[in-house]
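Take a look at the structures below.
Presented sequentially are two complexes of chain A, the first with chain B as partner and the second with chain C.
Entry: the complex of A and B
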């Protein structure tokens, strides 16, 4: 499970992102644009959910760590991405979002807030699972996400030749 | 905590949304067919005082010619213009564009009444500041527009959401929570209906200051709960929720009143706008409750300053908005 989770993280974050990554304009301001962006962008939402599932399966302590580390890390990554464009996926998604929405740091705050809520809810959901078959279902979901990540990685590497 | 408080106040004041930063009242465009090719135009945009209006301008379909020059007046927080236009063959198939909408954070409701009884309603938003007219819109389309307005109004009304958060931090158990939220909902629905139907009116500047004051009022009560003390508000939060809910209802009504909808449209608009507000409010309450449960399941032990933070945040923002809005009220319209 640990290797699978690592594969998910690497596969998702290292995939080259397209410059025209999906932008969201809610019309409710940059903070809501940031929230909408995370919730409607699978390449950002799915790895966040995968990490939350994995952390939840490892217990409340891991869940807490994911909750308090991932959103600030994402926020900092976005800030760095604003200053120095990088080639890994999530800063690029943030850059393209920020460039399109002209929303600066407030958009990133929206992303971080949405991420905090998503990770808290998903990790706590898994922590609360008591019946073995439910925990197995969470592992199956994680495996599927890992498989999708690996497939996409292979697809991108093949296409890059 | 005492050392951190000035820093907290400064930080919150720096990041607090300014009272005038986001215009949540939508603009309204009405076109009423008076002849085969002629239409009376009413264009209302939110305004402040007697000389400050939102920079939104109507672009009517190509081929429209003005039969009369626009005459504008500032009235009750709005700037209203009326004129008459002519377009051979009617408006159907033409495109209305609102200049300035893309850079704003408000909406524009468009209502077209045709002389044969058909009507057409569209809600334009900053991401789509134009619409191609089709000749008539369905009941479902109109309903969706009003519902969306209600949801947007509560989501952009940070002060309303902060008041609800304050109530959630005060209530002690589930039954009291249901009573309190129900009381707040009933109260604001009541005044929303009264104000929209025109039976009562609250001037915007003192109303906004009073809404800010209701948030400031909850700050010390939250700190009392945190310290294990009690008060009338902590024992009966539903009474306070009802009393202040009456104020907040007038605030919600500003979202509909500024448009000056035709009387026949008001019952549908009022009902669905209120439903939209309730959907947004209920979503916010459920999210806070689920988050609180998640924190318990993840066994998070918050430090003392973090436990006090919500109370101080509500109080500081309430105080900031009260002072800011009271100053704006006393300064009068610019």
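Entry: the complex of A and C
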């Protein structure tokens, strides 16, 4: 079961996608643009929340790992996106919007910082859940996110036809 | 004193009125429109609403773990149906399937049927495909796909939650009877939907 789930995740990450996301302009500089981008772009925010929920459900240790691994991994993916307008992965594709931008690395730093905060809050919230029905609610939220992802895949395939 | 306060308030109102700027409000566009459209879509048809609320009612009757397993099954399998619809795979008899879902789900609620959990999930899942396919083929063009999907799934889930919340009355005898009567009404409504689908 876990191997099948891992295969699905890897397949999703290896889907080719065009890097055509747009940078949010806050007027406060590239770091804030990056922060704003993550918080206002569901394509980035929803997978991040899903990963944080999952990490939180797996316990404090998994939550800490996600907290300190996900933002650097996201940052590295963004650096890959800076090198090429075509990238290999979603959500890496979504954050490679900085290709060609003047202040790409600083924007990526903003994204990583915002991601750190989002993962910290969401994972900590789930880790702290004690009542069984609250943990079930977190799992139900995860299933809804999976349903959204499946519908989004359908949208993408319909658009590709 | 009072008249002076009134005069000051009137003066302030006049000044504010004269300083008013044109109202540049407009309809929602982009992601907001997609989310709202998705949120609205599942509640725009009574057949969908009744079926999804019935899933919550049935879950409340069955108790744990069905009370959360069924509302997880329905959106997940509905998304598969939506996916099939989105990529253009036809599914015959969608409207009939939706009407049958209202009939059968209403019937099991009215009977307070207690099949094995797997069978209950399979029944809910089969009908979810029809609902999802209908939504998938009816998705409006030009909307943000992701935000539409988010709104769509949230609305579906909240309809289940509504059913579960109503089902809290199951702990009382009168509540149990009321739920079963509601199930009968849903089944009767399903017959009307079926008549419309085949007529």
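Quick note on the criterion: the second predicted complex is superposed on the first by the 124 of 161 C-alpha atoms of A that agree within 3 Å, B and C clash if a C-alpha of one lies under 4 Å from a C-alpha of the other, contacts with A are read in each partner's own complex, and residues count from 1 in each chain.
In this text, contacts are C-beta pairs under 8 Å (C-beta built on N, C-alpha and C of every residue); 3 or more make two chains touch, one makes a residue touch a chain.
Just so you know, these numbers come straight off a predicted model, no measurement behind them.
Novice: Per the contact definition in the header, classify A:42: touching chain B only (first), chain C only (second), both, or neither.
Specialist: second
Novice: Between chain B (first) and chain C (second), which does A:63 come into contact with in this model arrangement: first, second, both, or neither?
Specialist: first
Novice: Can A:131 be said to touch chain B (first), chain C (second), both, or neither?
Specialist: Neither: A:131 stays clear of chain B and chain C.
Novice: Considering only the touch criterion stated at the top, classify A:121 as touching first (chain B), second (chain C), both, or neither.
Specialist: first
Novice: For chain A, which residues count as touching chain C in their complex?
Specialist: It is residues 42-43, 46, 136, 139-140, 143-144, 146-148, 150-159, 161 of chain A that touch chain C.
Novice: Chain A touches which residues of chain B in the complex?
Specialist: It is residues 22, 105, 107, 125-127, 152, 155-156, 287, 290-291, 293-295, 297-300 of chain B that touch chain A.
Novice: Report the residues of chain C in contact with chain A in the complex, numbered from low to high.
Specialist: Interface residues on chain C, with respect to chain A: 31, 68, 71-72, 75-76, 78-80, 82-88, 136, 139, 145-147, 149-150, 152-154, 157.
Novice: Can you tell me which positions in chain A touch chain B when the two form their complex?
Specialist: 25-29, 32, 60-61, 63-64, 67, 117, 120-121, 123-125, 127-128
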